[in-house]
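For reference, the structure I am asking about is given below.
Chain nomenclature is as follows: A, B and C, assigned in order of appearance, with residue numbering initiated at 1 for each chain independently.
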């Protein structure tokens, strides 16, 4: 379970995350949605102890992220940021193998190898394992980073806008893969998304933020109402029922 | 960084009072006039100080002796300032300068190769103007080829070019050091006295040629100042505004190469001086127009060179370290510009 | 022969997992072949020089040739291999820490700061024992590196090329300070001996400190994974549970101490840390566990070749290795840069 307790983050005088209380039970896929500047990525970074909170605390299975040793946390929680440009030149397999670093400190055991193989397989990267990252397309590179995070073999997997720069096909592949990670591998996947329809179609829970605060949270069905969406995005958005699933028409 | 000159340093220069230095009243603001007048006074003061400070012995000796060195300083200052400003306009950047790109080291390399190829004795029989002329022609060819190879073909990022330029500088410096090592030690002594004439012992003949070359080149560049203003907007704008970009760049670059050759032949390489003077000029000029930046840069160069040399040589008795001081200040100015650069955006 | 010890660091082959045995096997084969080639080169290099050292003279005469070999040639070769591999390795470490391909100790002020520290301690406490001077140089090197990182942090817009550019300028400023002090104290020659690598003064008893840097290189190899992870960025390192600050401190410490020792013993070897890691990165990637042996080997090899060239090209005089490497290194680096740019577009 991830517990966010009265977390606040400011940049200068701007409050980016404003006294947020949030509890995410273990298991399933949770999406965090909201307009630009809502504080989604900042909150995710604080939970992953990439950023310190100015006030409040975050507990992951009872461990305070601010005080728990980094390597202990790294075996419970993995995170992938939006910006993943690497200056180092690594092969796909090298990169994914570094996901095992918290477990093996770089000296891979047979178990580690098995995890690496499984993660490569899960993301359909087995054939590309020997390629250097700079020889891959953007979508393949994104998958390699996700594979690294999965190879870390943590209960919690946090992903910040993993659909960025992916076309329709790869975006859907990525969402399906995350769903499978939750269902088949039993991970708790927390993901920041921009597309509310993707969030609704694949998540167990949706957390909607605006101006640094959580505005609405609940099942996709609870979020996908014109009233709730108006509260989040300040737009009138019609929600249609398409083949049994809610679909928000925000284009026109 | 400060790659977008059209944004920075722009002031409203709409007022059209008659400009003292421009034939067609494209007009400087009040501030620009003040800056120019102030700099002229400062430059004159520096020159006077250089001539009379701590002078001992007969004026008949001191004045011609110091006067010649003063002339050398002024010629070099003008050459470096103008070549740097024009070069930065051509490359649309405010960091790369001809000396950082190693143009001066290239000239030294050519001189060294001449000594290596001909031997100092044979070389000494060639009259100075001819020697200098041949070296300059080779220099112009080499620098232009290099420039078009780097800037002409595939569009490369400015930053990459700057790095490449810096490394070319290192390459040319090492190459000329290597060539100098290959020369017979006796001949090397001859070469060294030629290469590092410094401001101390300038060949009068060379000084006269240089002064003429710099004056003519600067006058020509002055006549092209409005075209330079357009080039400052970047290639796309310049082409759209009807400038024959390639031809303009080629001719201007030749002028830059000429100025670099002259200043290097006179005093040897001074790496950061151009950077310092040009960027100071952009800061104080209050206008992006070359009608202002060129004279401001020249005046600043004279103030810094002559004033600095006067203080170091006459008061601190450390005449030969001017280039070190310039390197120190130039480096700090550069870093400050980088730190401040992004804030402008 | 006695050249085995310097290669010891490379002989520690990475612990490979059975899963990838075939590739690892081929890699090890290549590595061994390169080691052998380097060893042969190293042995051959001991026969190059002014005094007559041949197999025949080694066996025949009364021991002069053997003395030359043991006291001068072998120490020199050992120093070359140690200093070469170390500087290449420090280059790759600092590149990981700064996350930029285009930096190395001599382009970010580390080397210049070590020189400045040495200069200051020579002036203030000329009688201090070598370990003391070395400690001062190492602290100064660390301070210079931290200064670079501090200034870098305050540059708002960073690009791949701003970082090395800033480093070069900072090195220039620190170098100017050193030059000025040295000029004032009449120590210019001493300073230049630190700032230009030279193996000609290496004899038994004057290079043994370099074995300490071999230990540092070994430490880097043992902790290679940490540096690779830090090279992937602070967030990734934190996400993988690595203490970013600890690795940063370890790396900076190693780079500073190693640079200081090399400066004290043989003088600066510019460009080595830049060229070698870039070449290895293109060939073998940046997983340090795998690429580090290559970096060390190629670094040693490049210095060895440049040293032999320097000894042969102007026989019986020697061209300083810094000059040879300035030419070779700058040319190689330019090739890499310009090649890269066409890749990226």
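In this text, contacts are C-beta pairs under 8 Å (C-beta built on N, C-alpha and C of every residue); 3 or more make two chains touch, one makes a residue touch a chain.
Bear in mind that the values here come from a model prediction, so they are computed numbers and not experimental data.
Enquirer: Treat touching chains as neighbours and tell me the shortest step distance from chain A to chain B.
Expert: 2
Enquirer: Per-chain Cα mean versus the mean over all protein Cα atoms: which chain has them closest together?
Expert: Centre-most chain by C-alpha means: C.
Enquirer: Would you kindly say which chain has the C-alpha centre located farthest from the C-alpha centre of chain A?
Expert: Chain B.
Enquirer: Looking across all chain pairs, point out the one with the most C-beta pairs in contact.
Expert: B-C
Enquirer: Report, in whole Å, the distance between the mean C-alpha point of chain A and the mean C-alpha point of chain B.
Expert: Centre separation, chain A to chain B: 55 Å.
Enquirer: Between chain B and chain C, what distance separates the C-alpha centroids? Give it in angstrom.
Expert: 35
Enquirer: Using mean CA coordinates as chain centres, what's the chain A-chain C distance in Å?
Expert: Roughly 42 Å, centre to centre.
Enquirer: Quick check on chain A: which residues sit in contact with 2+ other chains?
Expert: none
Enquirer: Going by the contact rule set out above, which residues of chain C touch chain B in the complex?
Expert: Residues 102, 151, 154-157, 159-162, 164-166, 168-170, 172-173, 175-177, 179-180, 183-184, 270-271, 313-314, 317, 319-320, 322-327, 330-331, 333-334, 337-338, 341-342, 345 of chain C touch chain B in their complex.
Enquirer: For a test of understanding, state which residues of chain C touch chain A in their complex under the given definition.
Expert: 15, 17-19, 23, 95-96, 99-101, 224-226, 228-229, 231-236, 238-243, 281-282, 285-287, 289-290
Enquirer: For the complex, which residues does chain A have touching chain C?
Expert: So the residues of chain A touching chain C come out as 48-50, 69-75, 78-81, 86-91, 94, 98-99, 101-102, 105-110, 113, 117, 130, 132, 149, 152.
Enquirer: Show which residues of chain B lie in contact with chain C when the two form their complex.
Expert: Residue list for chain B touching chain C: 1, 95, 154, 156-157, 159-160, 162-164, 166-168, 170-171, 173-175, 177-178, 181-182, 271-272, 318, 320-321, 324-325, 327-328, 330-332, 334-335, 338-339, 341-343, 345.
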